[in-house]
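Order of writing sets the labels: A, B, C, D, E and F. Residues in every chain begin at 1.
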Amino acid sequence: MSELTHFNNQGRARMVDVSEKEVTKRTAVARGSIRMRPDTLTLIREGKIGKGDVLAVAQVAGIMAAKKTSEIIPMCHPIPLTGVDISFEEKGEDTIQVEATAKTTNVTGVEMEALTAVSVAMLTIYDMCKAADKGMVLEDTYLVSKSGGKSGDYRRELED
Amino acid sequence: MSELTHFNNQGRARMVDVSEKEVTKRTAVARGSIRMRPDTLTLIREGKIGKGDVLAVAQVAGIMAAKKTSEIIPMCHPIPLTGVDISFEEKGEDTIQVEATAKTTNVTGVEMEALTAVSVAMLTIYDMCKAADKGMVLEDTYLVSKSGGKSGDYRRELED
Amino acid sequence: MSELTHFNNQGRARMVDVSEKEVTKRTAVARGSIRMRPDTLTLIREGKIGKGDVLAVAQVAGIMAAKKTSEIIPMCHPIPLTGVDISFEEKGEDTIQVEATAKTTNVTGVEMEALTAVSVAMLTIYDMCKAADKGMVLEDTYLVSKSGGKSGDYRRELED
Amino acid sequence: MSELTHFNNQGRARMVDVSEKEVTKRTAVARGSIRMRPDTLTLIREGKIGKGDVLAVAQVAGIMAAKKTSEIIPMCHPIPLTGVDISFEEKGEDTIQVEATAKTTNVTGVEMEALTAVSVAMLTIYDMCKAADKGMVLEDTYLVSKSGGKSGDYRRELED
Amino acid sequence: MSELTHFNNQGRARMVDVSEKEVTKRTAVARGSIRMRPDTLTLIREGKIGKGDVLAVAQVAGIMAAKKTSEIIPMCHPIPLTGVDISFEEKGEDTIQVEATAKTTNVTGVEMEALTAVSVAMLTIYDMCKAADKGMVLEDTYLVSKSGGKSGDYRRELED
Amino acid sequence: MSELTHFNNQGRARMVDVSEKEVTKRTAVARGSIRMRPDTLTLIREGKIGKGDVLAVAQVAGIMAAKKTSEIIPMCHPIPLTGVDISFEEKGEDTIQVEATAKTTNVTGVEMEALTAVSVAMLTIYDMCKAADKGMVLEDTYLVSKSGGKSGDYRRELED
């Protein structure tokens, strides 16, 4: 079984040395869902039809957060992101699924960038709708897939 | 039903004007869970017994993220946080529950600060264990309670 | 005539001591214009009709930048902004006018926050359209008015 | 005519994927002017003769802002800047022209870094002189030239 | 003897709850020295006589760092600084002493802001002179005095 | 003797152009000491035995600060850090020595990253213990060694 590599020989956290790792193209996809009251989802949807667009703000927030990942997550390496995209999909009458894709050409991967983008996009939706619905829940957030790098590709087995 | 207040008369997002709101003491508590393989939880627990402490890093990350909330969430007001605390509790053999409490004396509340602290603490756990377990899932994250402010107190009805 | 107050007795820059100043409600309004080719303005306008909305991104960028003002402008005091709003108006066939309003209840004013919001909103429009039109020009950016504080209100005499 | 490339297939903003673009040396030069009362310009000039140097602070602010560009402009890629320089030139009795040069060796260009450096240098001059002159105007700010990259070189035709 | 107050009942770090503390005017003064080769000090001094001014850059860096203190020091409260000043004094032929004063009107003190300003000003001097002298040493950095707050005033007994 | 390279031909600060420098593997090691009352060191040591761990927080703070170096030090180039590690060693009954190692593969070195990590780790120790001991002193902080780059390797002659 793999060890936790984020600790030095004093047993303390360190930013792992990746100097010898190879530069490759890397992609990661993450996904999360935010569940709300159906009338809250209606409000968001109507906002889209007019010009007030909760999801447009969440999209910008998620992309900007992806760029801040190494500032927010202590042991993350700073990464020259070459692309970030976020999309939204309604699931049933009460849930929005957020999916983020992050890309780089670098010695380390972009899993944390994709997961951070998803989390912050959902937190932004919460923030913008919380006057109407404080009971919203950020549901399962996980890595969907990653490619590139020595450890090989990863693809989560999804139920739906 | 409440309206979305984050939009101006052009239908675009704005940071709501809170100049006329009253300064009161405010507290918010948020909670989330991260589920992993049982052997990953064992690794984290052993790290605690030695000196390598995943949760110590997650704690620092969550507290620092609470202070960054208004930088990360576009329409959040900057808030003079007067206290942040985070605690961890194991749930069964495969889950860690994270709870964050944020406090301020201010015109607006600290729900987003508590939720951001929880999300970033969980993302940090993911980051530090992902070499061992890429399948970890950030499960339900939600507001447990808030107090202070004109809109009154809120307490989520929890099942457990 | 007023002196430059941002210098200490070694003649070096300092962040002026405002400990003795009174807390009052303060507002500032700033304005700027970005001129482009008419077909670039058409592209932006069409983007609004669809969902791709350059101005929605510029709005978020401007509001987030207002919150970053004291990080960006060296001698600016950190300010608990209580509200920021930005609006856009087309002027003729080739120009978008950006207006930002910033508010606080504080010992110092928010002129720099309003001006920074306008500048960054315009820079964001440039960024998002530069593949189509590198010749865009950020035209006159200025303070329209401020109120609150001991130095009294200010209102620029505008020609149009 | 070129399209706006900053939007995904949901019509929302994205950070464009530049993974396949070539790494080349890139330079961008931007310019802006700030107009003030002649006696304000005299104050700045005298500051230079003594030690209180408005332009020294503006220079540092502009360079630091260039490094923050991808944090401030939502869809900008993070860029390993290899050099930034800013110079000031008096134009007539009431205007200071600011010129910034930014360099990188990267897959994307540095136009936004140069424009951001100019804008923030001018905002800093405004901030440091606003006690004396609230009527200062940030005049035309534009890209002077860029070189490097597939889209080729650009040079603005300047009147003066 | 006082206890370490930065830990919660799980023994983990927290941002201490200061909600009940009183708002008072607070000042802190910190000091540090950087020792270098005498010819390096001459270079800095000559830079001042011309226009290239290492200390002007260090001053701006120190002031901006004071504003970033709560971002850099994990358990520091965010503080509405009301003033920061930094001064430099040559000590003998090879040392520059840096002194920073920070002020606020708040529930917590500004010791860390003053100490951070001094440290970053010295690091900036190092950075700007390191091509000439890599052997520079940041010598004793300490709190000189603080006033305001319930714990009362503090004044270090200085030898010189 | 070397000149100060951080100034342009107007005698003002600039971020030196490193576009033509070669990409090599680079390492830097820096060291500093913080002296305190013996009973303060005992408190820290006991914290380690329980779970409250001042040094764990200082470690995270130092690593995160290394990543922020180019934001904090005005003329520093942004650097893709490939590794950061910090270790602590008790010296006698009243001193903790902090050592940081920073690595990159880049056109410029990481001396400032290592020095910043050490300074911020020490400031964090100060912050977390200042309720018990305001008299702590950050003693000599210096570069121990650097390797990589055209200017060759550097190793300080250490007395102990």
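Note that in this section contacts are C-beta pairs under 8 Å (C-beta built on N, C-alpha and C of every residue); 3 or more make two chains touch, one makes a residue touch a chain.
All figures in this text were calculated on a predicted structure; none of them were measured in a lab.
Chemist: Going only between touching chains, how few steps reach subunit E from subunit B?
Modeler: Minimal hop count between subunit B and subunit E: 1.
Chemist: Return the chains shared as contacts by subunit A and subunit D, ordered by label.
Modeler: Both subunit A and subunit D are touched by C, F, going by the contact rule given at the top.
Chemist: Same or different for subunit C and subunit E, where same means more than half of the interface numbers show up on both copies?
Modeler: different
Chemist: Please name the chain that ends up farthest from subunit B once chain centres are defined by their CA atoms averaged.
Modeler: Taking each chain's C-alpha mean as its centre, the farthest from subunit B is D.
Chemist: Quick one: superpose subunit A on subunit F by CA and send over the rotation angle as a multiple of 5°.
Modeler: Value: 120 degrees, nearest 5.
Chemist: Where the CA atoms of subunit A average out and where those of subunit C average out, how many Å apart are those spots?
Modeler: Computed value for the inter-centroid distance: 31 Å.
Chemist: Could you list which residues of subunit A touch at least two other chains?
Modeler: Correct list: 10, 12-13, 51, 53, 56-57, 60-61, 64, 68, 71, 74-75, 78-80.
Chemist: Among line, ring, star, complete and other, which best matches the way these chains touch?
Modeler: Per interface graph, the chains form some other shape.
Chemist: Name the touching chain pairs, please: which are they?
Modeler: Every pair of chains in contact is listed here: A-B, A-C, A-D, A-F, B-C, B-E, B-F, C-D, C-E, D-E, D-F, E-F.
Chemist: Along subunit F, where are the residues that touch subunit A in the complex?
Modeler: 25, 55-56, 59-60, 63-64, 66-68, 78-88, 103-105
Chemist: Quick check: in the complex, which residue numbers of subunit F touch subunit E?
Modeler: On the subunit F side, the touching residues are 1-7, 10-13, 32, 39, 43-44, 47, 50-54, 56-57, 60-61, 64-65, 68, 71-76, 111-112, 115-116, 119-120, 123-124, 126-143, 146, 151, 154, 156.
Chemist: Using the touch rule from the top, collect the residues of subunit E that touch subunit B in their complex.
Modeler: Touch residues, subunit E against subunit B: 8, 10, 12-19, 70-71, 74-75, 77-80, 106-107.
Chemist: Could you list, by residue number, the parts of subunit C that touch subunit A in their complex?
Modeler: 48, 51, 53, 56-57, 60-61, 64
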